[in-house]
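Heads up, the next two complexes both have chain A, just with different partners, chain B and then chain C.
For the complex of A and B:
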């Protein structure tokens, strides 16, 4: 596909997605759709580091939670407007990403070791949020309800749908840029063979650190969205391991390192979630299915579900999907 | 205020907890040392073994200490089968892949437990293991004292097995030079599966010793996984002696952290040690390199 056709298809899909809430039967359905788009966005933030650069993270909530807390505290304790707080939150997430990246990559942590250290960072942040004064510890922080657009609060769930759609579109643009840009090519080289990339003259440390910064800023923006939607944040929501796993799952299942992988993954997980919910109450079963899908994907479909379609479209295109 | 006796008591308490961590970590480090894979499902498999102990006690009235041989044998069999039919097939590619597979396994196990056993925490009450033992300034539950000595005894037995037996010799040979081991006629895949099985059998033993003084819930696995990794990383991945020392250091850190920083903030010590070791000395205290 040439660039113009991609833009046309993408634009048409965006318009269709924008109009989707008008044909959905209920607010519940709009909510489910909004959460699928939002999960796809979070998955994309993971994918920027975990997929494109191959830096598998087990603790991406460290950014998500930082964003959720940053905007909430600025808003509740400092009286900031949440829109402004949102930008500050993304910046905070970016800084945390750069800091963790600088520390971990300077120490030469790769592969599983990088994954485990991110898990430990998330745990440190969770414990700190649980005991610090300004996060109100385990009580969490309640955002006073005042549904006005200026407050980034809405009565009608459709607005969160549209915001999630905008976030997702933005993240897809970032991913598409990574696919085509020089920086993205550097990340791909690092993912495939870090030593070879270094031998080619790529500043591996710098590229990986910046990449984690971008990824962190995106996840933090997601944290603010979540806090504004539920008007509440506490340590286990913000820094719980479940969200880290969810981000990793949608990206891995859809196809890590692809532009549309996280969206495919989020749609599949959302669908599985709705189906298992109709069979049995509780979250347990759907996560069992997710875990099984993850094992199967890693074992047999390293390019994710999207790889299956890409392979049909001709092996030549492979990861271009 | 804090005085010396309280610190000493905290240390003794930490040592007692540490012995269990040693047992958990020895299994993890053995799997890493031989197979070079990071078993993220370690905590979840421990949780599973703890439920086994719980149900053997509540349904079949089998004493957890008498159940030990049974649970250890069952855990070994489970580990062997898991390796042969799942993990072993994918164990020798990129190391993140096996991490992701064992993560998937732990998600499956945790949530199956949540579905079948509910999220409630479960405890068992073993009359002959209840009561308090006085050790210097410390008062320890009898079950913890039993666990301390039993865990050390089991580690010594395992060390002797790896050091003396033919299978132990084969395991060490495979850990050092798998191609060479294959050439002299060792069934490497079998040795891999046995090593993984032994690693999981350690969890079975730990579960029997833990349950009389601890509790189990579907999230228990997650609570233990970071402790186990910290212990192993601290001592050096693959180092037996390192796991032994690491376990005690972690136990004491946890106990004293709770004493000085309080219940909530005290947990931070383990994660901080983990991060600092990885950033500053990733080979651990005894490791010979990655």
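For the complex of A and C:
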């Protein structure tokens, strides 16, 4: 548990990951790797609220989509630089997180009730985006292609790989901080037992709301990345339920509430996706396999894949929910 | 130090707590006893902010804290434990106690040191790496105590920390509670284990059907007719007295 050694190992892994594209055989492989890192980042944003604080959300896409739309609209309709728009998008996601948190937690919603309310918010945002003028409804918004670094657009996919890597590294740092800080300890206490947390002087409402704000800002930053990569946003891309499920899935499979769980989960899901794609065209087969993996994990490895490696001292689970 | 006046709380038609007055002087150990269902735990919950009282007031060192949120009351220095232990099951004992210690020590290293000190004090020094969910009943009771102590309270509300323990374990907890008081922490305790509460508390309040029916020193309470009848049924005191004569 030597902090200096952890930083050294982490740094070495970062350098290796940075150099990885140079040994990958094709742009396609770089793209797959970039999307794995990006999915790990999105998973981590979910994990901050769903894993560390136990506030399971089924609608995290509400932040992702808000980020995607915020930077895109600022850029296309208002002429903002997308880098600046990116920051605004993260802020917008944070504000939406704080607002949803304030409403849901003030109403005392916990567990599956909170999960359903987040799902409802995501759907409401999707319907709004589908009907509002400034989102151009179901048509979606095209970002004019002009691949320059200043425009946050790149011809060479390696740049998106590196940006995804930077996002992931940042999110890992946030998670590592939560593991070792007072705020993180408060979230863990809330996850385990809210009444006991309250009795020990934790402002549960405040901690949960701030946590959802951080989580929302991260997911929204992911939304901008996605929009800049594909240069297009529409309501089902931005607020489609698949992304919510994906974020939740990679965290649960890898290990919710752990620093590296989402990365492990994203690598496994990315690998499974590539393998199933080589067997059958379309999405069908990969979803079947994802489902089977999730069932297996929930049944036999409730701490996720990372729990297999991290099981120390014979400490066994005793989950109460 | 703690001054409860006319505290009432009803659930539907049932007056769980009915115009209760409790005084806890600085540095004392005060007991709150009563038969099952007398309203002791509701009374605690209303004092500590977990249940809103319908009427009455709660003052801690002169500050009116009636209806405050529990975390603000904890910050002010009054912390409760739970009768049904509420461990952070998947965290280690060390992490559990640190949650309490973080209230006064925002920095991790200091919280860690404070937590280990408190754990040692309640005899959990050797269990720091155990998962709280794996503790025995006795271990969980101690953990409740350790977490609450780690918040460095001025007043500790102990809700049946001895229930379910064997005589040896009770003796150990009695010793720990004495030490806590010796360190200047005031204690209000709900307790069913009479031998413990009689030996620890200098003053006892007896609650029955939501009302305080007697208060006084342990010896007075043990001899109180109304108290005996509350526990053993009407006429019990007379029958006991009769039995003694016969």
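Simple rule for what comes next: the second predicted complex is superposed on the first by the 310 of 321 C-alpha atoms of A that agree within 3 Å, B and C clash if a C-alpha of one lies under 4 Å from a C-alpha of the other, contacts with A are read in each partner's own complex, and residues count from 1 in each chain.
As a working rule, a contact is a pair of C-beta atoms (placed from the backbone, for glycine too) under 8 Å apart; a residue touches a chain by one contact, two chains touch by 3 or more.
These figures come from a predicted structure and were not determined experimentally.
In the overlay built on the shared chain, the residue A:108 is in contact with chain B alone; chain C does not reach it.
By the touch criterion defined above, A:241 lies against chain B but remains apart from chain C after alignment on the C-alpha atoms of chain A.
Legend: residue contacts after superposition of the two complexes on their common chain; A:56 is shown touching chain B, with no touch to chain C. Legend: residue contacts after superposition of the two complexes on their common chain; A:291 is shown touching chain B, with no touch to chain C.
When both complexes are overlaid on chain A, the residue A:77 reaches neither chain B nor chain C.
Note on chain A: of its two partners chain C and chain B, the one contacting more of its residues is B. In the superposed model, A:193 lies in contact with chain C only, and not with chain B. Once the two complexes are laid over each other on the shared chain, residue contacts for A:130 go to chain B alone; chain C is not touched. In the superposed model, A:117 makes contact with chain B only, not with chain C. In the complex of the two chains, the chain B residues touching chain A come out as 38, 86, 89-90, 94-97, 99-101, 103-108, 110-112, 114-115, 222, 226, 229-230, 233, 262, 264-265, 267-268, 271-272, 274-275, 278-280, 282.
Taken in their complex, chain A has these residues touching chain B: 54, 56, 58, 103-104, 107-109, 111-113, 115-117, 119-121, 123-124, 127-128, 130-131, 137-138, 241, 245, 248, 252, 280, 282-285, 287-288, 290-292, 294-295, 298-299, 302.
Every residue of chain C that touches chain A in the complex is listed here, in rising order: 48, 50, 69-71, 74-75, 79-82, 86-91, 95, 98-100, 102-103, 106-108, 111, 129, 131, 133-134, 147-148, 150-151.
Taken together, the chain A residues at the contact with chain C in this complex read 180-182, 185-186, 188-189, 192-193, 195-204, 313, 315-320.
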